[in-house]
Structures are given as structure tokens and as C-alpha cells.
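Below, each structure is written out as C-alpha cells.
Next, two complexes with chain A in common: one pairs it with chain B, the other with chain C.
Let's turn to the complex of A and B:
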């Protein structure tokens, strides 16, 4: 079995199993801890709409917070959108999804995807440097923050290397690229990449809690 | 109307000695750690678990915090204040605890002492951080659990311990118990203020607080005048008058329940359909949101903050007010516990509108208002003095930017903190109470 066969075969299967099982375990484990009924008289019963509103409203901070938050918000947007373009709109990736899941969709021209990749890498590096150089962020960071940034960054870099045919034989670079993606999938349930799942219930519960008290979050 | 500044200065001079009355519990280090850990595990629920699992360490919460912004000290980042709770969660409750235990340290008594400043001195549980958090994490709720754990471990500021012990042990605050309360009311009655006390039956139970009895008596008189003007069936009761809850502020659950149950029992004893909370920030969420859960069932009466009550009466056309005039340029300070925590946002504005003053809204007001820096008992903590004063600078700038001559609020703690802050920095803005303005504008019958 070549390295590429391993990456495309058992490594892929196991990383997906760990991703799905680990994510469900962590999500359900947190959701199923005790939750008591609030006996106070609500000011508003529209807690579902309050929750849904906050799920969407927190994509962009309210203008009162722009001065301090916007740099990180812009970097975050570039990184997330860039990542989504690279992962889901690169034609070879779509072919891969088609082969595994049997669904496909149109992709973007490769040079556009590469431009998105460059922006993604740049924003990830900026976030990494910022975290390391800002006393506040450095203090509240743990190894998880750096690992999560790196396991996101490396697949993008190795993917671009594979596309550009640099860094070694194509088959090897491609195998390393796939393995690095699998490392990210395995890390996902254990570190803060898990926020990609948790953001919905955590925003929703604040929105619902404050709506119950008559406050728009 | 203003308060007696001499009385206020005497009160302020008394505060540095407040902690001398505290009787710290004798506990070993291991007992303290155990008490804190046990409380954290008992109070952590799935909402907090989801919140703790979703934090991305972005630090936005710090930019919303009135203790971080002026100091830029990373240790005041709201998320950092939760660190001990997070560690206990990770080791004891997290679905991944078998993994987290490998690299997450147990909390120690040194940690508890270090975090005392972070969850008491430098957090008013104002909740502004939750309004910017991209994950919507309810940080203030978890700081409150931190306080409960620390309180059970006996690691809390002496001032709050003294207040909690006095309220829990003697049913008094600053030496004012039911007998002193009756004396104070008798004095007001003798001065011609019609205050019904200890009635067996009344539609409305009005509560007050030690601050109103000692310092802001004008606020209490104003409330009585308004209730009488409206011709309402109301009473104050000496068995349930104290709305301030130092159990809640310090983190002692037993005293919190004791204090709120006194009001519940007094309201039930006189069959009140409504309980009115005076201008006291934390007293409102204590009765409005927490009391039912401590009581174990929905309360058989409605709980209204006095500002909320006044707003409703004005809106419904039952309370007509004289216009005080546009030459009075005022702004409003939304007490965090009433606005951001409780949705009492428009009601005070309806009142200000009816008062016909030149009302100027602050930038970042309403549910995004900056805390005055003195909430959640921080006003009483002597070691927090500098932190508080720094935070108050944000408040002063916010008020000055409106061009108003005075700032109106609806919380006694905010008012005390404003008075103290203004006194220390020679600030010349008026600091007024909403209920007192309303009493001033009552038409003569």
C-alpha cells in the first residue's frame, strides 16, 4: 500500500469515524448535562425567534463594538469564506466528494480558488501572529488555539503545493495533503475547531435567554 | 431633590471599616478547594457546558469590559475570569474529561485567592461582554457561579462577607433591621409622609432597601407620594422590606434564598398581587428572575421595578405629570441589571418623555450601556477602589458626550457609585433618581 493509498483508504475512513463519533459525543455530552426549568414569569414567550435571531445577528458585531472588534472580524470572515471556497468549490475536491458521497456541484476556475487559498493562508498567518503578539490573546490562549490554527493552515498550504507541483513528487505531496486534512478532521472534536458545531446552540441559547427577559441579543 | 451630601460622606467614610465585622470561616486549604469544586460541579448546567465548549478565545469580551478597557491588563479579560470554573468543568463534567484530565490542572487554594480579585473586584456581572461575544457566551452567569464557589470556600472580600453574614444572621444591613426600619418609617410618618406599614391586606407590596432608609430617604418618600397620588392599595411590611440581597451579591445561595423568601412570605401574607422593587439594580433580577427558582414554583405575584411600574402607569395614562421643562438637559444611565439583564429599557424613557425634559441618549446605551463600575457589590469592596474609578471615567465620558447637565438613573448602587466617582474626580454633573423626578412632577390633586 502506497502512502497515497493509505491516505485515501483506511486513514480517510478512520478520520471520518473519529470526526463524526467524537463530534456527536462532545455535543450530546454537553447538551445532556442537567438543565433545570426556569420557573420565573417570562417577559416574552418568543424564545425560539429570539434564539434564531441571535444565531444570525452575531455574525457581525453591533456598531458600538466595531472599533475594537472589526480587524479580527474581517480576518475571520476572509479565513472562513476563503476556506469554504477552497474546500467546496475546487473542482478536484468536488470530484472527490462525488466519489465518496455521490453528489457534485459546479466549481470555480482553479486560479480563483488559488487566490482564495492565498487569502486564507494570509489571514490564518495574521491570526496566528496576532494571537502570539497580543498580550491579551496570548494570555487567554492554550496549545489548542495554536494546534487548531496549524491543522487548518497546513492542509491549505499542502493543497496549494500539490496543485502547483512543488515540494516533491506529486503523489507524495498529494498524500501529505490528504493526511493533513485527516489530521484536522481527527483534531476537530477535541479542540476548538468544535466551535464550527457549537456556535449554533451557544448563540441560540443566549438569544433565547435574553429574549425571555425582553432583551434583544 | 438631592441627597444630604454630609450623610453620604459619613457613609463613604464608614465603608473602609466595613470588612472588620466579617467572621471568616475556619477552613483548611483542602476544604476550601473541595467546597469550591463541589459548588462548581453542582451549579454547572448544560447551558454553561455548551458555552464553555464553544469559546474560541477571540478576546472580544475584553473590549466590552469596563475593567479591561481602561487598564488593558489581560487578566481582566472576562473569559479569563472563568478559568477555574472551566478547569473544573473540563476535569469533572466535560464529555472529554478523560482527555482533559491529562493536561488540565486541578484548582488550588492559591488559584482561589488569585481569582478573588477577578470575580469580585473586577467584575460587576454587568453582562456587556455577552453582547459582543461571537459565540453568545453568558459570561456573567458563570462569574456568578464562580462567586458561589468562592463564597462557599470562604474566599471572598471581607466587606461582602460582613454584609452577607449580617443579612443572613441578623436580618439587618448596616445595622438596619426590622425595628430600625419601623423607627425610620415612624419618623417619616411623623414628618407628614403617609406610608402604610404592616397592613394585613394590600394589592401592592412596596419594598425598599437600607440605602433608601439611610441615605436616599427622598426616594422612599417619593415612592410613597406617587403610590398615594395614584390612590393605590399598598403597604410596606417590616417582615419583608429589604430588597437588597447580599446573598446574591456575595454568592451565598443560602442567604440569597433567605432574603428573597422573606419578601415572598410578606407578599403572600398580605395577598399582594404586585411587588414593587425600589431603585436597586440587583434586587430586581433577584426577585424577578431568581426568586421563583429558589421558591420552587412560580410566584403568585408580579414583580415590577419602580421605574418599570412608573413607565407603565405613564404609558397607560394613569399617571399624568407636570413637565419639568426643556431647560433641564438630562441623560439616562441604564442600570445593567435592569436593562441588559431584565429588559426594563423603554419604561424609564416613557417617564422621561412625560417629564418634558431635554433628554439625550448616550452612545452605546440601553442594553449595550457601559456599567458605572460599582454593581454587584463592587461599590463596597475597598480594594476595588482604583479599578472602579478607572471604569467610572468611561461613564463620565459617555455622559459628557451627550451635553446633558445631569444623569438620571434608577438604581441606588449606581447612584452611590456616581456620587462617589463624582466626588473623587470633582465632576459637576447632577446625579438624579427617576422616582424623585417623578415625585417632583406630580400634579397637585
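Let's turn to the complex of A and C:
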């Protein structure tokens, strides 16, 4: 069995199994725990509108934090949009989703996807450098932050290398690319990458709680 | 049978002009991607070359490789046999049969011990002492070992001889193996393909004749000159891949427009061969040009690498059952964890109340 056979076969199978099991474990484990009970009369019962508002209001930082946070917010947007284009609009990726979920959609020309990949890598590296160079951020960073960032960065870099046929024989680079994606899938439920699933319920829960306390957030 | 006359002498006897000979040398250099300055060297080498003896052993195979070889056009198989090599043993092409054929092989081995070229097509069964394929009562395994011992070099023609091919496909009932898994200590060149391109087979033989050694090989012992680039890299449909234009079925508008066949299972990106450049039938066409994706036949284990019509981006293992089971297990653990937390919270509340 070659490295590519391993990556396309058992490694893919097991990484998907771990991804699904881990995601449902963490998601249900969080959603089904008991909610906090009110210790006083709630100031508002409009928890749904409060929750929905917070889901969207957190996309942009409050004015007070613009100076400190705007760079990270812009880089974050570029990285997320670029990553979404690379992951969901590159035709070979769409065919992979089609094979797993049975649904497909039109892709973008490869050169546009490559451009999005370059922006994604540049913003991820900038975010990594910022994390190192900001003393407070560095202090509160854990291994999870670095691992989550690297398992996102490496698949994009190796994918672009495979596409451009650099860094070794195509099959080897493609195998490394697929294995790096599988490492990301395995890490996904257990690290901070889980925010890709948890961001809506966690923001909504926070918004609902704050709404009951009479705080507009 | 090999003789002492040089190729130049034999060509003069056959009335081949100097011009015709140089034309052949130029074609050979071009085919092997050698610079024009090598043409005189090829001519000089070939003029002095004695006809080497070639023993061709066919084991677990379908004769497709020989069929391919006989359709070679530059040089032609006739040209190879009559002008350049002495094909002393080949089941399909030789006139002799039975004992006479085996005697021809033994005589060729004896007369050219240590100098003859051994060409093998087909895999070799190892299971049960190799009883699944025999020739004149001799197992393929025994014959290969015997003939390989006196060979100057071995050319494994076709994916079966090079990598095991179809006979080795899961569950491999005969224990089929490639030549390189059995023979060591001899130079072995793999010329895989199902079948290999005829020009590639004769090109490798011409290189051996010209330079007296095997061409530069890649990590799978394939000649780099023919297997150095992927089908995808040299495919004339590559531009459609870049633009995201794919045929969705074999009879849709994309197929008629000649768009990329990646979605229909083309294995071109992971297949190294000269099909896209050398092509078949005197440079007429190759599978992709005929509207069918590459099936990756020159790569090891290509029969067991997923469906021919499944896109390369699809996994090779069916994960549906495993994922369904994982979903159940994950959900159960999640619910259990949440319930456990609720019980602990309730206990904590009771303690506070108490």
C-alpha cells in the first residue's frame, strides 16, 4: 500500500469516523446539559431575539475595541472567506463532498481558487505572527491555539503545492495533503476548530442569557 | 539465433541505404528525447552492434503486450527482429513449438550466457510452489529463475510483469508476483502499461541496443524518458481542468466539447506514462482523446484503487457504515456525558439545599 492509498483509504475512513463521533459527542454533550436557572425575575423573556441578535452582532467588534481588534477581524474574515472558497469551490473537493454526502454544486476555475489559497495562507501566517508578537495574546495562547492554526494552514499549503507540482512527486505531495486534512478532521472535534460547529449555539446561548439579564449584547 | 555480423553489415546485405539508416537513428533519438547531436553516436553504436539474443518469457498474461508490440511503428517489430535483435524464444511469435521451442531457448541461453536480454510479460504465481502456470511442465517461477541467471538485463513488459497487474488484484488467488519481487542482483527495467505503448517497448529495447545499458529509471524502475511526466500534465484537456469545465457524463455537452474527464474518473493526475505525448496507433490517439478517462494502467495496483469511473477525489474505502456507527456511538457518549453532568448538578443542588 502506497502512502496515497493509505491516505485515500483507511486514513480517510478513520478520520471521518473520529470526526463524526467526536463532533456528536461534544455537540450533544454541550447542548443537553442543564441550563442555568434564574435566581431572580428575568428582565426580558425575548430570549430568541436576544440570541439571534448576538449571533450576528459578534461579527464586528464594538467601537471601543476597533483599534486593538480590527486587524485580527479583517485577517479573520479574509482567512475564513478564502478558506471557504478553497474548501468548497475547488472542483476536486466538491467531488469529494459529492462522494460522501451525495450533493454537489458548481466550482470555480482553479486559478481563482489558488488566489483564494494564497490570501488564506497569508492571513493565517499574519495571524500566527501577531499571536507571537502580542505579549498578552502570546501569554494566553495554549497549544490548542497553535495546533488548530497549523492543522488549518498545512492542508492549504500542501494542497497548493500538489496543485503546482512542487515539493516532490505529485502522488507523495497529494498524499501528504490528504493526510494533513485528515489530521485536521481528527483534531476538529477536540480543539478550538470546533468553533466551526459551536459558534452559532454558543453565541445564541450567550445572547439569550444576557437578554434575560437585560444586557444588550 | 545471434550471429557475429554487425548491424551495418546486415543492413547492407538487406539493401538498406545509409540515408534510410540515419532516418531510423533520428527517429530513435527523437523518440527517446535525446538531442540531435546524439544521432551520429546512435548510428555509430548501432553500426557496430552485434544482434543480441532476446529471450521473451510469457507467464500469467493475456498476450496483450505482444499484441501491442507487434503494432509498433518506430521501429517496427519486424525491423527489430530482422535488423536489431535475435528474438530466440517467444511463444506467440516463434514458429517452433513443443520441445523444439524449449530447445531453442536452452540453446540461446547456452550460446549467449551472460549477454542475452530477458523480456518478461505476465506475472509469476508463487502460491503452492507456482503450479498455477507452467510451460512444458516447468513452473513460471523455475523458468524465470533459470533464464534470469544468465541474462545481462531484464525488461518487465506490461503491468503484470512490472507490478503484478491483474493476476495480483485482490484476492490474488495464485499468489501472483512481479519479476522484481523474485529476481535480485540483475538490472531490471519496468515498462508497465496494460498494455504498454508499443513505441515505448521498442524504444527501451533500442536504447539497450544503442548504448548497451538500460535507460535512466524512476523510483519504480520505469524509464524516465517515457514515464517522467503524468498524463494530466501533458493532457491536451488540461486547460479545461484549470477552467473548471468538466464532462459530467459520457454523452453530455461537456463530453462533446472535449472537456476534462476528471469527474468521470480519469486517473491522469496520478498516472505516469507517455500516452498523452507518444499516443497509440502511429501517434493517432490515446484513451482521453477518444473520450474515456485514463484508468492508470501503468501504476502499481491500479485494479484495486477504487472504481475506474469514480473521481480521484473520492475515498477508496466505503465509509457509510462506519460513519453511521460512529454517529451512534458519538451521540450516545454525548448524551451520557450530558446526563452525567445533570446528575452531578442535581447532587450539588441537593447538598446546598441540605
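To be clear about the criterion, the second predicted complex is superposed on the first by the 209 of 217 C-alpha atoms of A that agree within 3 Å, B and C clash if a C-alpha of one lies under 4 Å from a C-alpha of the other, contacts with A are read in each partner's own complex, and residues count from 1 in each chain.
Operating definition for what follows: contacts are C-beta pairs under 8 Å (C-beta built on N, C-alpha and C of every residue); 3 or more make two chains touch, one makes a residue touch a chain.
The shown structure was predicted, so the numbers you read here are calculated from the model rather than taken from an experiment.
Partners chain B and chain C, brought together by superposition on chain A, fit side by side with no clash. Contacts of A:34 after superposition on the shared chain: both chain B and chain C are touched. Shared-chain residue A:84: touches no atom of chain B or chain C. By the touch criterion defined above, A:26 reaches both chain B and chain C.
Once the two complexes are laid over each other on the shared chain, residue contacts for A:43 go to chain B alone; chain C is not touched.
By the touch criterion defined above, A:137 lies against chain B but remains apart from chain C after alignment on the C-alpha atoms of chain A. In the superposition on chain A, A:108 makes contact with chain C only, not with chain B. By the document's definition of touching, of the two partners only chain C reaches A:2; chain B does not.
Counting the residues of chain A that each partner touches, chain B and chain C differ, and the larger count belongs to B. Contacts of A:129 after superposition: neither chain B nor chain C is touched. When the two complexes are overlaid on their common chain A, residue A:145 makes contact with chain B while staying clear of chain C. The overlay of the two complexes leaves chain B and chain C separated by a minimum Cα distance of 6 Å. Taken together, the two structures place residues 25-26, 28-34 of chain A in contact with chain B in one case and with chain C in the other. Interface residues of chain B, counted against chain A in their complex, comprise 44-47, 49-60, 62-64, 68, 72, 74-75, 77, 79-80, 93-96, 99, 130-138, 288-293, 295-299, 302-303, 339-345, 363-364, 367-368. Put simply, chain A touches chain C in their complex at residues 2, 4-5, 8-10, 12-14, 16-18, 20-34, 91-93, 95-96, 98-100, 106-111, 165, 169-171, 174. Across the complex, chain A meets chain B through its residues 25-26, 28-36, 38-41, 43-44, 54, 58-59, 61-62, 64-65, 67-69, 72-73, 76, 134-142, 145, 189-190, 192, 194-195, 198-199, 201-207, 209-210, 213-217.
By the touch criterion given at the top, residues 219, 230, 233, 241-244, 246, 262-263, 269-270, 300-301, 305-306, 310-317, 319, 322-323, 325-327, 329-331, 333-335, 337-339, 341-342, 345 of chain C touch chain A in their complex.
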